[in-house]
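Sharing a structure with you now.
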């Protein structure tokens, strides 16, 4: 059962209208694995996550989740099957309080360990601010709330889109310090990051995207700085 | 004392206008849709109640038990089957489709029921009055209808701010894509909002039909009253909408007292004045 | 030297066809009977009204369900000027335009505070206000309306036939002028801005186009034309009342259906739409209110599955244009001119 990868992407192409953003991208992730997807701006990292999450549909290729085909499924269906996205820019609901944002994350009622109490345990600062409107939080707190909101759906796979964006390094380290706890509960993570060092520290396996193609992949420990730079910048 | 009575009547009918407005502003809030057929749906509810009361021999207030669910179901189907297809960035399709719907409803009702004026008979409760003070009486029915209006608005507030469905409405209104990421099927959320809107319309329609004569053509005027109440009160605030309805009702009552032909004009003039001087409304909460 | 070329092959053919049609129409009093003349005049006024609505909604993005305000205003201006101030009816039609435009200025100032569909309802409120005000004017018949006195009618022309010819040519002339003005506007610099607004308002704005000023101007100009047409319509009808002058069905519902079915945002749309509308009306005349019901259903179907209307489909499939409104940059080499 746990032989098959949790998620397997086979050669997908993704388009924004006429503009092709992904070219034959393949990727796979196992249970309890953390992989990082790095690349420059516009390399296609967010597009990849959106394609997995169902916000975009690939024109070619396959996406298999838990062995079953998923490409073309609408976003709400993807969530119900067990993949949650922490979107780029946090995107908390401004009309809702912190607690309401967390609660709506859990509205699909998927069974699992993550409850409001557990999320508050993971991010105590959220408990202190639970009844504040979401926009009242600082950037780092909003990021924690966004992650907590995604966890409330009890996913098997968590997609994190640039969670370090716009945050101070100490805040970023604070957030990434929780990753092991999250993985320990049985989740896999795909982390999209511009902060390469952070990405390498947090993950087991790395994919580097360059202009919509996978330029490099390998174990986070074994890839050399030079090969990563070359792949990142396309030199 | 006569003036006090007039203003009181205006306040009470303001509750009815607030109900017209509540259904309209609720769907605008959730999906930025303005339903041009809104007024005609109020009239449809009145006719459905007419058929139910005549067919089953029950009184109009009891007929609500059937009319409200029927209209809610219709709202769900209408949104899911038709209006969901019009939503998007272009503002023309929902506007023109609901306009077409308005024409269809008016003429369909005309074909089925003719242009004859009708009225729902609520029985003895129509003539009962309470005496408030010396020389000041208020009808039982207008008072009940005002109380119902307050209950409806309070109920909507509770629904929006204390239930999961209300959270879903607010989240979808904030950001449709991210709401989908939460596992919300926005097609269903929109359909629920329309179902709710039509449920409120049903209540408003039945009370309207008890209160005044109705025929297939009176829909657009109800839409306009609801719309004016929303704009006067301010977008995004249900209690503001109640205030807007009351202000409209009172304006009309005062206008009617000056000259019967000025009843509607007075309301429109107050509306236009507020639009001129304070376009965001008296108690706005969101910026549309 | 580069310049902008407006015509295409199909538009050159289109201009010829339209030119021929206009000559035929101008001679209609000599080949057509009274019924035909009345029908043609009615069709012409609808082409004009629909073209103006199309300019407002299809190009400027202002959807109005209250243009009947200006139709009725024009009608009442005609009656007021002719009956109370002894103005010649044709002069009254011409005066109705500028007055309509003047009235539109404060109206626009008010309702432009509303956006999108709320703007649409706002236009409806304005029409209602005009209707209620008209019912208060007892000199013009109050709530029940009034007929045009014989003296005014005679002032147009001595015989009935002469009057009918005159009315018809007025309708034709007014429609040609309105369409001509719209084409001229669209070919101008402002027209380029309008087409940009039609295609994508946000982008137009970020390219420096003052979107609101253009919308304001278009609204006022549309009121100008609509008021004149309204005056003409009620000169033909010889009788006016608040309900007929400000009727939503007659002056908005039909106009919207015509434009939607013909094609919004294309100048040929209202012409095609009017032809279809009147064909349908002739064939379905006996159905009464079922006819309106059917129109509503057809409009919904068209809006959902063919949102660019019949002409939209034709012009997309075949690349046709009936009028020279394209813009192509042509360099010196192509025209063979000197640099």
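Each chain gets a letter, A, B and C, in the order it is written, and its residues are counted from 1.
Throughout what follows, a residue touches a chain if its C-beta (ideal position, glycine included) is under 8 Å from a C-beta of that chain, and two chains touch if they have at least 3 such contacts.
Predicted, not measured: the structure shown is a model, and the values here were computed from it.
Chains making contact with chain B as well as with chain C: none in this assembly. Here the chain at the heart of the structure, going by C-alpha means, is B. Centre-to-centre, using mean CA coordinates, chain B is 33 Å away from chain C.
Once the centre of each chain is set as its mean CA position, chain A and chain C turn out to be 55 Å apart. Annotation: 44 Å between the Cα-based centres of chain A and chain B. Interface residues of chain C facing chain B in the complex, by the touch rule stated above, are 57, 61, 63, 65, 109-111, 113-118, 120-122, 124-125, 128-129, 132-133, 135-136, 143, 248-249, 253, 256, 260, 264, 288-290, 292-293, 295-297, 299-300, 303-304, 307.
Residues 53-55, 74-76, 79-80, 84-85, 87, 91, 93-96, 100, 103-105, 107-108, 149, 153 of chain A touch chain B in their complex. Contact residues of chain B toward chain C in the complex are 32-34, 36, 82, 85-86, 90-97, 99-104, 106-108, 110-111, 220-221, 223-224, 227-228, 231, 261, 264-265, 268-269, 271-272, 275-276, 279, 288.
Touching chain A in their complex are the following residues of chain B: 164, 167-168, 170-171, 173-175, 177-186.
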